[in-house]
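Both of the next two complexes hold chain A, though its partner changes from chain B to chain C.
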Partner chain A sequence: MILFLQQTVTGICVGLAYAMIAMGLILLLRAAGVMNFAQGNLMALGAYFAYLFLGKLHLNPAIAVILAILSLIAVGIVFCCVCFFPFKRTKWPQAMLICTIGAGTVISECCLCFITTETKSVDPIVAGSLHLGSFIIPYQYFFIFGVTALMMVGLWLLFDKAYCGRVMSAAAQNKYAADLLGIPTNLTTMLTFCIVVLMVGTAGWLLAPVYRVSNSLSIFQARAFAALIIGGFGSLPGAIVGGIAVGLIESYSTYFTTTYKDVVVFGALLLVLAVRPQGILGSKVKKDKA
Partner chain B sequence: MLEIKNLHAYYGAIEALKGINLTVPDGKIVCLIGANGAGKTTTLKSISGMVKHTGSISFNGEDITKENAKHVNKAGVIHVPEGRLVFPGLTVYQNLEVGTISWHGFMGRASFEEDIEKVFSLFPRLKERRDQQAWSLSGGEQQMLAIGRGLMARPKLLMLDEPSMGLAPLVIEEVFRKIREINEQGISILLIEQNAKKALENSDYAYIIEQGQILFEGPAAELEHDDRIARAYLGNFAKKA
Partner chain C sequence: MENGTKRSRFLRLLLVSAVVIAGILLVDKFFIQNLKNSRVNLINVALIYYFSVAGMYLMLGLGGCMSMCSIAVMGLSAFVCGFTNTKLGWPLFPAMLCGILSSVILCAVVGSLLMKLDGRAFMFGTMALVYIGTSVFQNFSAFTGGPNGTSGISKLTLFGKTFSTFKSWFVLLAIACYLLILLLHRIKNTSFGRSLMAARDDETAAYSLGVNVYRTKLLAFIISGVFSGIGGALYAVHNGTISASLFSFTTQQSFIIMLMLGGVMSPVGALFGSILVNYLPEIARSAGTYLNMLYGALIVLLMIFMPMGLAGLLKNQYQKLRKLLTGKRKKTTAKESA
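For the complex of A and B:
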């Protein structure tokens, strides 16, 4: 029972981090029309920043967090300028996708080159664990839960309540109509890139103490992708549900195996594709020309 | 007043417009009629700065030839695109909200409730559907939403690209009635149509465009009874009338 509880809490927290990555994929897919294959590397970059600022440079945590946010926003702008703007008018949409693969390689090599080639551990931002009898959960998990929940509420407020968020989703839904209305679509796309890189980088930072800092963090991309499909491709709530589902599946699978976690996760993905191909929530927005 | 002189537009090496001259006087409905691929939409796109073009376009004395859509909107010229293109995942209300961007600004806080009320009183159906997502609306409702979204930008000239496309005859009637109502509020209208009969019935002045050139022009009532136009665009309707 204790083990079950423990696995549930870990599953949900890690799942929320997956959800952030998956949501980032969706936002980019909507705003720029590109499946971002550098997402996992961007996440690893967040973890590397955590090590760089805290482990290597020994900065004050508050300064480190601010610096990380600023650098992630800068990365977002550069990423947008390199992967999106040059291909805006291309007749071959896959060009952008391939460019993101390339960007992913560049990001991961830069991490190895300038930060560290070794697998490093990072101190959690909140140290210590909660002990309730034999039920032990590191505080970091609660921290992950809190920060991701906060970011999701922030996103919801932005896109559902704020005028500029509405304008951003309008631009994402129909670029031509948005241009005609005078929406600055270049600006909204760049903003989306920054938000996504920030989200994903934060997820990486949060997971760094749990999974340690290395380039293999980028395999989370595949799990986030599984989360997207399990939750329902195309919708943000679907990404959250799918993320948590993948987190739980992965976490419960430790009952049977630790080596073949991925097999269980992607087995579940295949099962969902066979039984309910539209995912748990399905896609709300009709894709046909409205 | 919108004045277009010697407008040429290009898609790559292809010249889609070969010197168009067109005027929309204040407070009038002017229609531009032509077959598929004649250059109707290209004319509007040139005005909105969405295609490469040369010539001169001015609105109320202001030269907007080289301006982009944002500045054209600010000048008061709004282009309601063909196929409606409402934002499917936003609600009716949110679609209208977004329409204000040209004067409201990205981070603006100005109130647009009055504008929305105006649109709702013109299109009561939109008010009923206020919180529905736009994709769930019928074609006619989407067209009204697209026009309403255009009105939110506080236009002086509204350019409508095929507002009757794909709609049932009764709904087309209603759309044209609304267009006249909008015109009565003092907004000039440049209307693009393939439904030549309806367009001529509802306009003051008409231009017929073919292969990127203006073929005829004249008061709509006269063109409606012109034999050449009747043969080419109206079938037998005009003869009966």
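For the complex of A and C:
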């Protein structure tokens, strides 16, 4: 029973991280039509920043957070300029996809060359863990729950309540019409890129103490793709449900196998595609956009 | 009349083949035989990868679907070939055939399951297959040898000649690649190839003209599986050992890059793309730790400035030159230049 609870908590916690990455993927897909293959590397970049500012430079945490936010926004702007603007008029969407693969390689190599080549650990925000009998939750998990929940609420507020978010989703839905209405679509796209990089980088920063800092963090991207399909392609709630589902599947799979985790997770993905291709919550993206 | 054009086409084919084979032999004599063994290995492996890349050309360039699973299919074929040859003791040719057959079966099953879905779901489904494949190849010791891989696959003997060194393989592989390019050109001009391209450009229009889109794409997927299967079996025999770490998503990504670098619409370009991508680490060794960064940046620049790859670039330059010389513009179809 205790083990089950432990697995559930871990699963949800990791699942929320998957959900963040998957949500970022959907936002980019809607706003720019990019299927971003550098998402995992961006997440690893967040973790590397955590190590760089806290572990290597020993900055005051508040300054470190501000610096990290600023540098992630800068990365977002550069990423947008490299992977979106040159391809605005392309008729071959795969070119953009390849470009993100290349950009991902550059990001991960920059991390290796300029920050560290070793696997490093980062101190959690609050050390220690909560003990309830033999049921243990590290305090870091609370931060992961809290911050991801906060970001999800923030996104919901932004896209459903705020004027700025409505403009952004209008630009994402129909660029041509939005241009005609005087919406600065270039600016909104760039803003979306910044929000996504910030979101994914934060997820990386939060997971750094749990998983340690290394480039292998980028494998989270594959699980995020699985989360997209399982939850229902194209909707933000679908991404959250899918992320948590993938996290739980992965975590419960340790009951019977540890070596074939990938097989279980991606087998579940194939199963969902075979039985319910629209995912748990149903797909929302128009089919002709592939 | 009809007979005459047929004959002239046949003669041209014969002439081109003679030139290509002479070229291959010359390259072999003056270039390959003087290279280091490890470099020859890189070139040979690039030629083997080309089989998978050719399958992806068929799927992406002609069919417009992004298939991500060539590496998994290739791995399955290689490991089945290795397993039947080393553990069951089969002779080499039945083992290779068995490997190719297994990859065809995998493609038929997965394709019939996923081809009904839209392009993105297909992409993710095939990607899932790669991750499953990687995990199985690395952990299923009884079949693949686990982390140690399979080794001791017997050498190929063809026409009374044993292919024991990497250098002796080059001519065989190069000629196989040439045949593959001929086959791809042929496929493009059959009714199957035309229906595939019609399905890529507009699925609904293709339907209304009587093209069975599902069956056409499934057939293309199976053919690309055959190519990958041949590649896998050749890889197993060529290297003699197979390690599971090769068959990962990273290699799949480099396949896509090979295809895009050479030009997604050009089989010949894709061949040069695969050789270039595989051989680049040797050329740019002096870059040291920055090599991969350079590689990534190169891909980004390439996609920005020449999205149709080397072949597209050459074609554009050729057309510009022609315009300059004749003073008038030859009309190009929008689809080809897009």
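Keep in mind that, in the parts below, the second predicted complex is superposed on the first by the 283 of 290 C-alpha atoms of A that agree within 3 Å, B and C clash if a C-alpha of one lies under 4 Å from a C-alpha of the other, contacts with A are read in each partner's own complex, and residues count from 1 in each chain.
Rule of thumb we're sticking to: a residue touches a chain if its C-beta (ideal position, glycine included) is under 8 Å from a C-beta of that chain, and two chains touch if they have at least 3 such contacts.
On a predicted model such as this, the values are computed, not experimentally measured, just so you know.
*Asks:* So, does A:88 touch the first partner chain B, the second partner chain C, both, or neither?
*Replies:* neither
*Asks:* Kindly classify A:276 by the partners it touches after superposition: chain B alone (first), chain C alone (second), both, or neither?
*Replies:* It touches nothing on chain B or chain C.
*Asks:* Just to be sure I read the superposition right, which of the two partners does A:56 touch: chain B = first, chain C = second, or both, or neither?
*Replies:* Neither partner.
*Asks:* Just chain B (first), just chain C (second), both, or neither: which does A:177 touch?
*Replies:* The first partner, chain B, only.
*Asks:* With both complexes overlaid on chain A, does A:105 touch chain B (first), chain C (second), both or neither?
*Replies:* second
*Asks:* Is A:226 touching the first partner chain B, the second partner chain C, both, or neither of them?
*Replies:* second
*Asks:* Of chain B and chain C, which one touches more residues of chain A?
*Replies:* C
*Asks:* Quick check on the output: what are the common chain A residues between the chain B footprint and the chain C footprint?
*Replies:* 285, 290
*Asks:* In the complex, go through chain C and note every residue touching chain A.
*Replies:* The contact residues of chain C facing chain A are 60, 66, 113-114, 116-121, 123-125, 127-129, 131-132, 134-136, 139, 249, 253, 256-257, 260, 264, 289-290, 292-293, 295-300, 302-304, 307-308, 338.
*Asks:* Under the stated contact criterion, what part of chain A meets chain C in this complex?
*Replies:* Listed in rising order, the residues of chain A that touch chain C are 35, 37, 82-83, 86-87, 90-92, 94-99, 101-106, 109-110, 112-113, 222, 225-226, 228-229, 233, 259-263, 265-267, 269-270, 273-274, 277, 285, 287, 290.
*Asks:* Could you list, by residue number, the parts of chain B that touch chain A in their complex?
*Replies:* Spelled out, the residues of chain B in touch with chain A are 48, 50, 69-74, 79, 81, 83-90, 94-95, 97-99, 101-102, 104, 106-109, 133-135, 142, 149, 153.
*Asks:* Touching chain B in the complex: which residues of chain A?
*Replies:* 163-164, 166-167, 169-170, 173-174, 176-184, 187, 284-286, 289-290
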